[in-house]
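First chain written, first letter: the chains are A, B and C, and each begins at residue 1.
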């Protein structure tokens, strides 16, 4: 039986300028990849930011059996919850290597000795980062930045990695590479909560999927089933049923 | 002006520049990490010199009381915060961090003050008293305002400046002090005669700047501080707490301020309120550096030091006017060379 | 009712203070003087989000200018006042021009430096008397009467203060004032409606400096003696403390703060030295602590409390019809906007590459594409917010690429913002009125003297008309921040319509809306189309636009991928691929 890693129950976010969330519930089991798909503005990023603690929210967020209610972002990171935001948030005036080292900041504070080894494994996963280790992060190409963002998150040895639109703004070939990387992470034991507007790709690499529409979970199910669900096909995998959605 | 005078002025300029450079670095660091334009930085300079002077006279310095007061207020605030956020179990540890070091230091000072220790130990004691004030001030005054605008933080910093100057007068009185020099030696290099104290200033500040450079470039904590200054959100997402970074940067600020005060105490007479102007001159240096670049700020500090020293020769009454008016052309130059237009908070 | 009662009580108090012993009279005069300065500082800090530590220095400039001119040159104080104001305007203009283009913290830093410089100058320049200052300054003469009586001077000060209050209040309730109130949220919104943010900031700074100068001039002729000490940096800081404690968001907060600080200072200066048995300005310790506490616990200051207790101000009724001049919309089908080979590069990164498309009058065009395709950059190139690298954008007969947003707005282009940019505390109708910035022309002076009433009423009626048009008439007087996100976006559209545009640019108007809200928005836009409006919508959500637009332009990777009628785009394989991606 798989172990429940993250439980989000009845999460509400209503906060000024962000896309709102109305009573969203979802869960992630250990060792799985879960994707959340949905149109732009449906509240997907809001969901991740709320789970991370970047946005204030009402509702229950349980990670590894602990309530995250009053826990600061830093503590969540230390407990193995990691977010790669849509904006990447790299330290662009610092070198690739410094960025990666800082990813392990919470482990360093704990006196973890295995940081070097993790760095090597990240370089193995993304050889291109090793080639550019002393280059400033700001001078990397879009794909390399995404790799660095992923690598930096992996440096903290997350239990659950949350990825917000990892394919955003990347050329198709690079998207493919990044998604392959993500898919291969499963074997390292990392669980992933993935947000993608590229619905077909997301459902292909994930085990379970949720469809978020207008701030609410509209559908959920194993990814393969979702990929064959007529409604999902219409709205996200094909453009057939467009008229059905707007009655003018 | 003959060559001799020129050399003397230049020597003076370099001594002051070294101090301004230290202060400018710390101002930029604190601003980058916490967005606080810490105008009260200079108060640590006067506190450092005056505390040392008190210890010299065998008097318990008033700054010890301030340290204890700050620790007390911080303890109350910490208790309130932890209890209201339902994290009461962290209270003992948190209170211990806030209260124990100041109490130990106060005890130490009480024991050591009458002993008339050698100068080196007294300097160390002075550092021990003044340095914790930075983090405590951050905890008491700025941390609750962490989400406020730069403007609000600036007003708070000015308020802290008022409090510290007022307390300085209360603790040390209106009289100025000059602490004994670290060295009475005079060195003769051809024309140039350099006092041992000036050498101390050069060496100590160079060593400190080198230490800072090492800290920021080679250690993970130093890199973490830079990371916070570059990208606050990114830093939080890798688990660097902004409060931890704020505490650190304020500790550096008080350490740098105190060190500067101890170094120039023997060179200039310092009053309870002299630190402010010294700090502001460091600011002019920092502004030259655009509040962001450390090397440019150090360069700015050199300009400030030289213009001060030479204008005191030619236009003695107007030296401060010259220094402070200088930032207008500097700002003009920055304004013209900047492309950045929109600023959002 | 309670408000009116409050005003009466306040005026009555002002009137009877001179009947108390002279100590109270002196206090009253000082409070009046400081209130004048603080009112200017509220406008600068609380309203426009800038700040200055140099207000005391401006006061000193006013005082010293008049002192020198009336004693050494025996000029009339009234003539000296003109010179003082001219000097102040010059200095403020230079300081502002230098610092206001940069980050918000450069102005306070520059004013700290300039405040210190001036203080030292007062103390060193021989003709200014050094630290002894200048004495025997002429008394003011008014209608042949010498104003030496303290009571008369008290009334004069408060007269000036009340006039300053009246002018400042009028100013905020005008087209320039509404734009000034928007400055805190960044300048791009007001610039999109034709105001220059830099100019407005400068105007506010100069205005507040002139008020300080005026107070200084009054001070010099009240005391008939000046020395440097009241004009130092500490006094400049105290002014900032006054408005922080009193409340930086209201002119009444300025008067409250000036009163509290002045009285408290007097009391503390009496008590503290005795308590400590040492002499010195120990009140600054108390002030400093008070400020930190106020900032942490009640950021709105004292007046924010009072304001909460007072009843809401009743909204003024709105005139039924607006007769503002309208643009003549070009014939349907006339070419309106033409984008030719437009490229935008950020360093090595090319965000938009050789884009070509056009829009004709009466047409709704949807600019769509997946996230990160460069739509928003394209939008900002048209609105002028982002300078282009190559190519041309023509609007009507004008090349607009390379122009700043205010110029483009003037030509009839109006926009909304993806991240709603309303002023949350201001009423919805006032927010919409900002849209009409370019349709009336009252300046600062006519606004201050309330000569703009008639044209402002017309703008109000026009804003109300636009709110009716979009169906939000009912929320006209509610604060814009209290509306739902969906309605806030509609308010943004109303504000853009209020500018009477030839072309409306909408930036992701449906993002973050719920299903029903999207449907309502689509209905609204389709109604507007019936009225002949030309619109360019940048959107990610293709479904939302499918039945709405006449034509689609599709972008991917900064380039145009396809263009055509909705049906064509829906079945275009390249578009499908871009939207769905493929692995």
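In the analysis below, a contact is a pair of C-beta atoms (placed from the backbone, for glycine too) under 8 Å apart; a residue touches a chain by one contact, two chains touch by 3 or more.
Just so we're clear, the structure is a prediction, and the values are computed from it rather than from any experiment.
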{"item": "Contact-richer chain pair (by C-beta pairs counted) among A-C and A-B", "value": "A-C"}
{"item": "Far-end chain from chain B, centres as C-alpha averages", "value": "A"}
{"item": "CA centroid of chain B to CA centroid of chain C, Å", "value": "36"}
{"item": "Averaged-CA centre spacing for the pair chain B and chain A, given as whole angstrom", "value": "42"}
{"item": "Per-residue multi-chain contacts in chain A, two or more chains", "value": "none"}
{"item": "Footprint of chain A on chain B - complex, ascending", "value": "85-87, 220, 223-224, 226-227, 230-231, 233-241, 244"}
{"item": "Chain A residues touching chain B - in the complex, by the definition given at the top", "value": "52, 54, 70, 72-74, 77-78, 82-83, 85, 87, 89-94, 98, 101-103, 105-106, 108, 152, 155-156"}
{"item": "In the complex, chain C residues that touch chain A", "value": "349, 370-372, 419-420, 485, 508, 510-515, 518-519, 522-523, 526, 540-544, 546-548, 557, 570, 576, 579-583"}
{"item": "Chain B - residues contacting chain C, complex", "value": "37, 39, 140-141, 144-145, 148-152, 154-156, 158-167, 169-170, 173-174, 277, 280, 283-284, 287, 291, 317-318, 320-321, 324-325, 327-328, 331-332, 334-335, 338, 340-345"}
{"item": "Complex contact set, residues of chain A against chain C", "value": "17-20, 39-41, 43, 142, 165, 167-169, 171-172, 175-176, 179, 197-201, 204, 213-215, 235-239, 242-243, 245-248"}
